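In what comes next, subunit A is part of two complexes: it sits with subunit B in the first one and with subunit C in the second one.
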Partner chain A sequence: MVTDNKKSGRRSGKARGRLLPLVFIGPHLILFSVFVLFPILYGLVISFTKWDLIGTPEWVGLANYKEILFNMESTYHKDFVAGLKNTVMFVALNVPVSILVPLGFALLLHIKAKGSKVFQSVYYLPTLFSISAVGIMWMQMLNKRFGLVSIFGIKKALTITNPWMWIMLIIMSVWWTMGTNMVIYQAALGGVSKDLYESAALDGASGFQKIRYIALPSIRFQLLYTLVITVAGSFNVYGQPLMLTQQGTGGAPKITVLIMTITNLAFGSGQSIAGMASAMAVILGVFILVVSLIQFRLTTKED
Partner chain B sequence: MMRKKIGKAGLSLCMAAMLAAGALTGCGGSAEEEAQTPENAAAEDMTEGAAEDVTEAASGDEIEFWNFFTGPDGDNMKVLVDGFNATNPAYRIKNVTMASGDLYTKIPTVVNSGEGIPDLTIVDVARIPMFYEQGLLESMASVMENAPEVKKENYNALVWDTGTFDGEQYAVPLDMGVIGVAYNKDLVEQYAPGVLDDNLITIDEIKEIIPKASADGIVTVPVSFFGYEQALALAKQEGGDLFKDENTPNINSPEFTKAVQTLKDIVDLGGCSEEGEENLQLFMAGEAIFCPDGVWDANALNAIEGLNWGITNSLCYNTDTFYNFSNSNQFVMLKNDKRSDEKEKVIADFLEYVRVNALEWARSGQVPASSAADDEAEYAAMNQHFFVSAPEMEESIRFNNYKYSGYANDAIGKVFGDILFGHTDLEEGLAQAQKQAEDNIAQNQ
Partner chain C sequence: MRRRERVMKAMVSLWTGIVAIIWIVPVVWAFFTSFKTETEIKTKGFGFLPKEWTFENYINILGNTDNAPIIRWFGNSMVISVTVTVLAVILVSLTAYGYSRLDFKYRDTLFYMLMGISLFPNIINIIPLYQMMTWLKWVNTNMAMIVPGLGAVTNIFLVRQFSLSIPREFDEAAKIDGAGEFAVFFRIILPMLKPVLTVVALFSFTGSWNDFLWPTIVFNDVEKMPLTAGLKLLNGAYGGFQLGPILAAACIAIFPTFVLYLFAQKYFLQSMSLSSGIKG
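Up next is the complex of A and B:
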């Protein structure tokens, strides 16, 4: 009897042991399932339908994908290609700058000069603003007639003319988002042993060499992590070009990225074209997934 | 050791529980926050008595009223809601204000789930035929039965008709957001004396003004701002409509092509502002003689010290005929089995209250759809009263309210600026917009 109790106690203890991790990850799992996994699966299903979000969805199989990818005359194909082109352009321009600029600031702050905490807060602050506020601020600042730039005699519409609109878009994006990467790099740099720097100094290494051969290799994983999330985030760009590159109040943005096309299809002024929008979103998702996998693969290879 | 483990596990569990609870309260809180908008808070500050009423209302059943009056017009709507609630109705109005994009995104969600459907909603006139076709709208027959004065005779007839389908009323209009041409009286005196004697600005007159004004660095008329509505008005004068029939867009019609070409000519002659300008700011700064604009900007323009302005009809080819295109905010009831007859009676009382107190809504800058305030001296002194000051003005108002006008508006909006400023060929751009609208309509058939 006692043995049975012991056995069952051990069994229930084992069961508890098995269940305990679930308790820990449970809340996150629930939130992840409700807000991420289910919407992804739901979106995937919608992409095979014709649906206005109100009536009954009509199953159309791969028709939406065929239209987007292969019907050259279709508005959806043209919009998809144009949106993807601009999105890829944004990723190509934004990612290197969004890695290098915060890294530079993190290295500067790592010197811990007087007032570095204040600067850290100031650099991080824009990350807390909404994109609407950031967009309005930059639009006003870059207004050639009434804005800050007009004081310096700039008479060019910087937010709607090439190549300035791209340059301004990247500057604004980096200004807005650099805080997150900067903090990650700062934390990583803080974890690098001082002994390494001291040894290097004894060997006569210059400041640049210390960065090149000690700091950067030591924070390699953080750099790779931020590279992956910055690439994924950049593919999802929406608010920055929408706010900054409008042709005047209420005008269409000069730079149309893919998420804008998707949003306009699903939530434009007319009936929702949710099926087509979902199909575009799925294609974009696959694109991001492939790029992320390649990045991971390259990382693993180097390891 | 064991105690340490239990302690760590307990702490983790507490944190997990807090996370879950936080998430749940977060969900609950967000709904509360939506109802408690800054407009609500501002209006509560305005009258202490009303604030007490609002507090009492929280415990009773309410009529949930969704609207998108997030700007200063939200204060005027709050005054109307508070004024109505102060009459102690059986159900009090709960004023839920949100951005229009959020409102239109939420509607399919609540309708599909059948939960949280608002009792009363403000919808723009352009969406009403679409909502009617989608079967989202409840007839207003019961409301009109309970409030007999809520009838066509007491409203601008044209705007009233936008809510009529198959002889039945599905929307009650609140206002008309007419888009005309604002003008700077001092600059008109200087560069275009006598042009407004007939309240009409013809294209030929504009072309005559341009050289004089641009010589002084003054913009004649920034047609890139609300230029689409000017193009619609011009096309309408030539007999062109945006749709040939319910399902066929008419974007690349000769009439609309000519209208856009006319505006492009103004740009090419140097009468418009440069691309990307903040045109309303330009007008406010006294650097533009005319500016296409909606009446709702009246309060913003009034706030500019020294700006002596008025508003007149949209641009026209000649003085034989003219049109003014308009938006309109309208009250609708989304289909909801849970809405009781008693609630519909209170909704009727509220709409009657809004109809009678149209002057308060006129203070927001809009042209009230109800004619109750038309003869009020305070309203007559407002610039937007121009559009109800004579029968020909009232009859000139048109609404872009086709079943698929949303598609046409989006498609034209995408190319309009590029056509005006020469980045896209006119015919190519309009053909592209036509194709986009056709493709989108095909998705709904």
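Up next is the complex of A and C:
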């Protein structure tokens, strides 16, 4: 009798134990399946259809992909290439600056000179603002008639003329996003053992040698991690050119990137071409994923 | 040697200080200019302090309840961001506890699968998500801003890492004393997760407050949209010719996160070490 009780007690405990994890992870698992997993799969399916967001999607196989990638006459192909060009340009310009500038700041702040705490707070501040607010500030500040540039006698519309619009776009982007990478590097540098620096100093190492041979190798992992994240983030660029390079009141932005092409096709004025837009999104998405995976692969190989 | 070091530190101080001053110019300029009269902005050239302080830009923009109801936008954003923050903290702590302190079959495999799937870039999800919003009748509602983001995995990863660094002895001791799983969760682990959950809360709030792409897609009703989407409209409507009001609007938009930063700076700047479980 006694043993029986014990047994059944243990058994019901086990059953409860099996269900218990579901109480903790279940709600998120449902949200994840519905709002992350399902849309990815659904997006893949849509990319093989002709669809206007309203009617029933019509299966067209690989037609969208063929049109975007290989039909040189198609406006979709032209829009895609134009958007891709600007997106790639942004990645190429933005990534090196978005790694080197915060790294420089982190190294300087690591010296812990007077005021470094306050300056650090200032450098980080812009990351807390929305791109719409940041874009407004920069666009007005760069106004040729009464903005900052007017005191230098620059009479050009800096946000819509080449090459200035690109330079300004990158400066604003770095200003806005740099803080995140900076605190990652700072945390990593803070974790480097002081003994390493001290023994290097005893050996007569210069400041640059300490950076080159101690600091940078010690934060190698963080450098590679931020590289992957920054590359992926830069391919997703959208808000900065949209807000900064607007032409006139309510006009289209001068620099169109791929995400704009995609959202315009799917949600712009006129008939929605959601199937085609989805195919573009999948191409971009897969491309970002592959680039990230290659970078991850290279980083893990090194270890 | 010591003198050289002192000189170098002073130079670093000077240099980083100058850069910091340059760094903050856009914000300071926007703030001061939002208190200038439109004539002063347009005729007096570039400058910082207003010659004549005026609230007319704020009165102008806050009084617009028609094509740019900024007070409504602000309210919408506040409701959305606060709700997201509360729900995210509850959900993330529960889920991270499950993936770090409970033992069940395929626990880690399942978690890595979630991580892997969420590596897919967001842009693939946007069009289908919009379609789902129309099915659910969530277009132009706060639900569209609140619910889908709760499926994200990044914050769970952070809290899970932190939780894994807490020794198992804590749970075991409590369980020997007869505490159930929920008691362990609420009384033992949750208090220890406080720093990393604070980071999650702050980033949930600012992330939601500043979200841009999704709200510009899922809202077209001017009355219902959050502030970021509203500012985009405003820039299109006023941007070319009326500077004062639009800069005032930008200042209003950055105010909440700025205040949050003043009080919780430490958590933002040390988020990396706090969330990796390295104390100090």
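Throughout what follows, the second predicted complex is superposed on the first by the 268 of 303 C-alpha atoms of A that agree within 3 Å, B and C clash if a C-alpha of one lies under 4 Å from a C-alpha of the other, contacts with A are read in each partner's own complex, and residues count from 1 in each chain.
Convention: a residue touches a chain if its C-beta (ideal position, glycine included) is under 8 Å from a C-beta of that chain, and two chains touch if they have at least 3 such contacts.
For clarity, every value in this text was computed on a predicted model and none was experimentally measured.
Novice: Based on the superposed arrangement around subunit A, label subunit B with subunit C as either clash or fit.
Specialist: Once subunit A is superposed (C-alpha atoms), there is a clash between subunit B and subunit C.
Novice: Once chain A of both complexes is superposed, is A:A157 in touch with subunit B (first), subunit C (second), both, or neither?
Specialist: first
Novice: Regarding the shared-chain residue A:L227, is it in contact with subunit B (first), subunit C (second), both, or neither?
Specialist: Neither partner.
Novice: One more residue to check, A:L169. First (subunit B), second (subunit C), both or neither?
Specialist: Neither: A:L169 stays clear of subunit B and subunit C.
Novice: Touching A:M276 in the superposition: subunit B (first), subunit C (second), both, neither?
Specialist: The answer is first: A:M276 touches subunit B but not subunit C.
Novice: In the overlay, answer first, second, both or neither for which of subunit B and subunit C A:L109 touches.
Specialist: After superposition on chain A, A:L109 lies in contact with subunit C alone.
Novice: Quick check on the superposed pair: does A:A215 touch subunit B, subunit C, both, or neither? Answer first, second, both or neither.
Specialist: So A:A215 meets neither subunit B nor subunit C here.
Novice: In the overlay, work out which of subunit B or subunit C sits against more residues of subunit A.
Specialist: C
Novice: Should A:V237 be classified as contacting the first partner (subunit B), the second (subunit C), both, or neither?
Specialist: neither
Novice: For A:L148, is the partner it touches subunit B (first), subunit C (second), both, or none of the two (neither)?
Specialist: After superposition on chain A, A:L148 lies in contact with subunit C alone.
Novice: Mind working out whether A:L20 is in touch with subunit B, subunit C, both or neither, as first, second, both or neither?
Specialist: both
Novice: Select, from 8-16, 206-214, 404-412 or 422-430, the region of subunit B that bumps into subunit C once both structures are placed on the shared chain.
Specialist: 8-16
Novice: For subunit A, what residues appear in both contact lists, the one with subunit B and the one with subunit C?
Specialist: 20, 23-24, 27-28, 31, 53, 143, 145-146, 248-250, 267
Novice: Using the touch rule from the top, collect the residues of subunit A that touch subunit B in their complex.
Specialist: Its residues touching subunit B are 20, 23-24, 26-28, 30-31, 50, 52-55, 74-76, 143-146, 157, 159-161, 247-252, 264, 267-273, 275-276.
Novice: For the complex, give me every residue of subunit B touching subunit A.
Specialist: 9, 12-13, 16, 19-20, 23, 101, 104-105, 108, 111-112, 126-127, 130, 134-136, 224-225, 274-282, 285, 404-407, 409-410, 413-418, 421, 435-436, 439-440, 443-444
Novice: If we count contacts the way the header does, which residues on subunit A are in touch with subunit C in the complex?
Specialist: 18, 20-21, 23-25, 27-28, 31-40, 42-44, 46, 53, 105, 108-109, 111, 113-116, 118-126, 128-141, 143, 145-148, 150-151, 175, 183-184, 186-188, 190-191, 207, 232, 235-236, 238-239, 242-243, 246, 248-250, 259, 262-263, 266-267, 274, 277-278, 281-282, 284-285, 288-289, 292
Novice: With touch defined as at the start, can you tell me which subunit C residues reach subunit A in the complex?
Specialist: Contacts found on subunit C: 8-10, 12-13, 15-17, 19-20, 23-27, 29-30, 33, 41-42, 44-46, 91, 94-95, 97-99, 102, 104, 107, 110, 114, 117-132, 134, 147-153, 156, 181, 185, 206, 209-213, 216-217, 227-229, 231-232, 234-237, 239-241, 243, 246-247, 249-250, 253-254, 257-258, 260-261, 265, 268-273, 276, 278.
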